[in-house]
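Note that the chains are named A, B, C and D in the order they appear, and that numbering of residues resets to 1 at the start of each chain.
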């Protein structure tokens, strides 16, 4: 069975119809005031096929706060600049703990379990702040290049909103620094981190950006290689085992694709050698992942038969 | 690229040549006296293709103690008899803790994180003891049926050896029972568990048995369905995220296949829609997985290009 | 101010009057069926002065299950037979965790934090089982000698009741044994432990037995030394810091005396150089200590002015 | 036996002679550069009797950094201004964990176990910052009043030194604030905290200040009441159970007095109704308490016979 034998648009339409009128379960993230303002009924999906075709429905072109999905981009950039030395500073194993655990760090001498828990993402942020004279600009440039879209940008209101409530992240960076695993000033690392989380992208733009993880690190069209095949394999394996906080196992089973979620309600997933797909619905399930996003992706792999398992 | 375009035997031969004369790193498991007696230079591999072809080298027909690999079989049998109610008694998420942790149970009210940590496997054992008048016989029957090989059996010396040193497992079952998550007598559950771990199988027999996880739950030839497609997807997702203790992430990345290891030095992995493969080399790395087994499987997916990522 | 200037009987009468008609708060322990049968309105107190005088009220002569209070007796006996080597197998620090924690043991390599948490008491039990041909008889002999009362005995119904629900203690002993910190058979250690907890004593008998901790290790009248002054200091310090599970700090403050409680509703406390006092009221507060017992002892030290702080 | 029958000066002289020429075991605290500069052979002791007499030897008049001993002063001041409401924000139980644990806070919803672990002291600092327009001045005023010595002051070099390495305390305050248990700006709380730790006092001044805890809250001479008898009992009980990190049990036994240590090498202890005593020797044992200070106090209670047990 090849991709071309599947009518993606028909399947996306079916998913839209199945869910569009159903009451939304879950709660929109409220810990950041700006996120709480997003209408809970937003719903969109975009699938970008390796053959260059695009399929979508709903609010797939509206930008939202990508939040933790940004960790995949910063990890990619850090792997580019630091290579395998990165793994001296952050692990590659599931944490088995909620995303903001400090106690695990205590046992692990300040080495976060993986780059997708907050502690790990903060170490990655520190790596980027060390590597670039202007890390924020470098991240945007990376996104502009892999998407060919120069308009992707931070949302300064969201960044400021996160900073004002970011005590736990302040705690984490200081704690990591006490172990010597942060090189830069705490404020600089957090400024970068709050900005990366505030990036606003649409489902279309996210699917576009993630196609490199389905295509051995190379964009479609320009055929420019951003990551090696080995690096992509690493990112995908990490998304598979650690991309969904303490629901990674459930997502692995229900959806069967490597993916990453954010508390803005977005989820992106990739099928290596086939497609990248992004979905957006703000209400989150109790574990912090978009409830409707999970359900939509489950339907996608069921209806297409394309999971990796 | 289809399976038929790959010369598996040539690739297996290459793996054998690369490693056969290299000094073995790692240590043979010694906590059970019987396991410590196994020669450390044993090395074999067997790949069973969905098209029915078999490829192998070395000690691929010699039986060894499958240990934790047995947890995949007991889980499958428990899913068959109990269905989704099983997930009320055991979780599906990575634990982030070594395989014998008791502290996590304390926080989780006696519900083990997944069926592949010891606590979870003991709950699964309890389910089987409850479900069959003779659970040990039922497990062997299941193995005889999926392999077509009626000679697979327990090794009573290994079982007795494990029992004599099994204080931690005794602790675990009693602890689970204090939470009400064990129905049967502690001794009955442990007798079953020590026997399941003692099963002796060769790489050939393991690859043969695991083909159902690459083939939607159905054996090849007889075409008999033992698990539903959905159940197989669950088992594969669990192997992917939890099959290698606290090295699941590393295996996911290096090998990129769902798999399960045992302290006897065996590892089995499956590529859904392609093959099942088993490898055996007794010396274990510090995380308790066969060092050469991991390396061999990494070479297999690199040389074939067949990982799921 | 000396003891003789205080009218203990008048003070005890006042405590009795203050509380006797008040509704009992708290819950009688129910995890052991036999304990649940004890009437919740039982209330008695007995104070034994170093000058040999006795003061009491209520059900002070009725025997009840001393439960964890027995840990003070077994600790004393183990110190007698093993000396300071005992501290290689059990610590002397507060645990900060509820009395049945297994996770702390994991970090501490099987050395319990102190002899009054269950894990520590089980190690002490193991020491006694190793030290005497009949440890149960030796414990009774010790109690008979320090009290001069040969009728103190185990309650076999309570012991059997505890054993039938003792999964957590089975877990603990097996876990300790996996670290090599139990020398004897699990069953032998637990048989002793369940028996020590089942000992039935009255407030009068308990105050009588504990006078050695107020009198430098020596009984009154016979003047026989059972413990050295240094050993008594150790026991008192341990009672002060670890005698009340995770309420040791509150008891230290409210009562200001070294003491030990049991889930049977008994509490014994000592004022070094003055007296030993026992109180009994079955309903327990949420932390597992007799609610009315705590209140009565608080009144005692307030009305007498005799706390150690 | 009354205080007057004991020749304190003779006993102090004996302690001095026993230890003065012995090689110092332990290590001077080095995590703050300023502390590392203190000569390791400094040794002094001062005992202040309730009858107004003073006894001392060695470097008893030389000021040193009191560090965590300051927590007793800030706690006292917070109890004065906030009363029992303070216990809604900090507990009174031993923590069983090293002094800088973050994981325990995670389980306890941001309520530190007691006011002497760092987390608890930071909450107390926050209370004082909220309660006074100039908390630092208020703390000095309190010390000037209880000692009658207006020269006690912060050491700004030490305070700055602590701040420059204080990542773990920054982590802690931010973490507490994420639970809502810090009212003020993080910087304000830490500025106060680093200053309180930097206070320089001599053994003489410390014994002088602590006499209120041996005298029901009242100074000697002026007879001014700073704390109620009940408050003093609380402070003493807290020092007894929590004053020595994870060595509280050992100190309770060896010394048998309520006390508080600091990483500057100071220890202060009180015998209710008898005396306050301070000792100083910079090298710390592995648990962070002055090795020679512990030994000296052990000798004091042994030679005087004055412990509370």
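The definition used in the following text is that contacts are C-beta pairs under 8 Å (C-beta built on N, C-alpha and C of every residue); 3 or more make two chains touch, one makes a residue touch a chain.
Small disclaimer: the values here were computed from a predicted structure and weren't measured.
The minimal number of chain-to-chain contact steps leading from chain A to chain C is 2. Interface comparison, A-D versus C-D: the higher number of contacting C-beta pairs is recorded for C-D.
With centres computed as the average of Cα coordinates, no chain lies farther from chain A than C. Computed centre separation for the pair chain B/chain D is 56 angstrom, with centres defined by C-alpha atoms. Between the Cα centres of chain A and chain D there is a gap of 48 Å.
Averaged C-alpha coordinates give centres for chain C and chain D that are 32 Å from one another. Not a single residue in chain A touches at least two other chains.
Under the contact rule stated at the top, the pairs of chains that touch are A-B, A-D, B-C, C-D.
Taken in their complex, chain B has these residues touching chain C: 101-103, 106, 167-168, 170-175, 177-178, 186.
Residue ranges of chain D in contact with chain C, taken from their complex: 91-97, 104, 113-114, 232-234, 236-238, 240-242, 246-250, 252-253, 256, 258, 272, 307-309.
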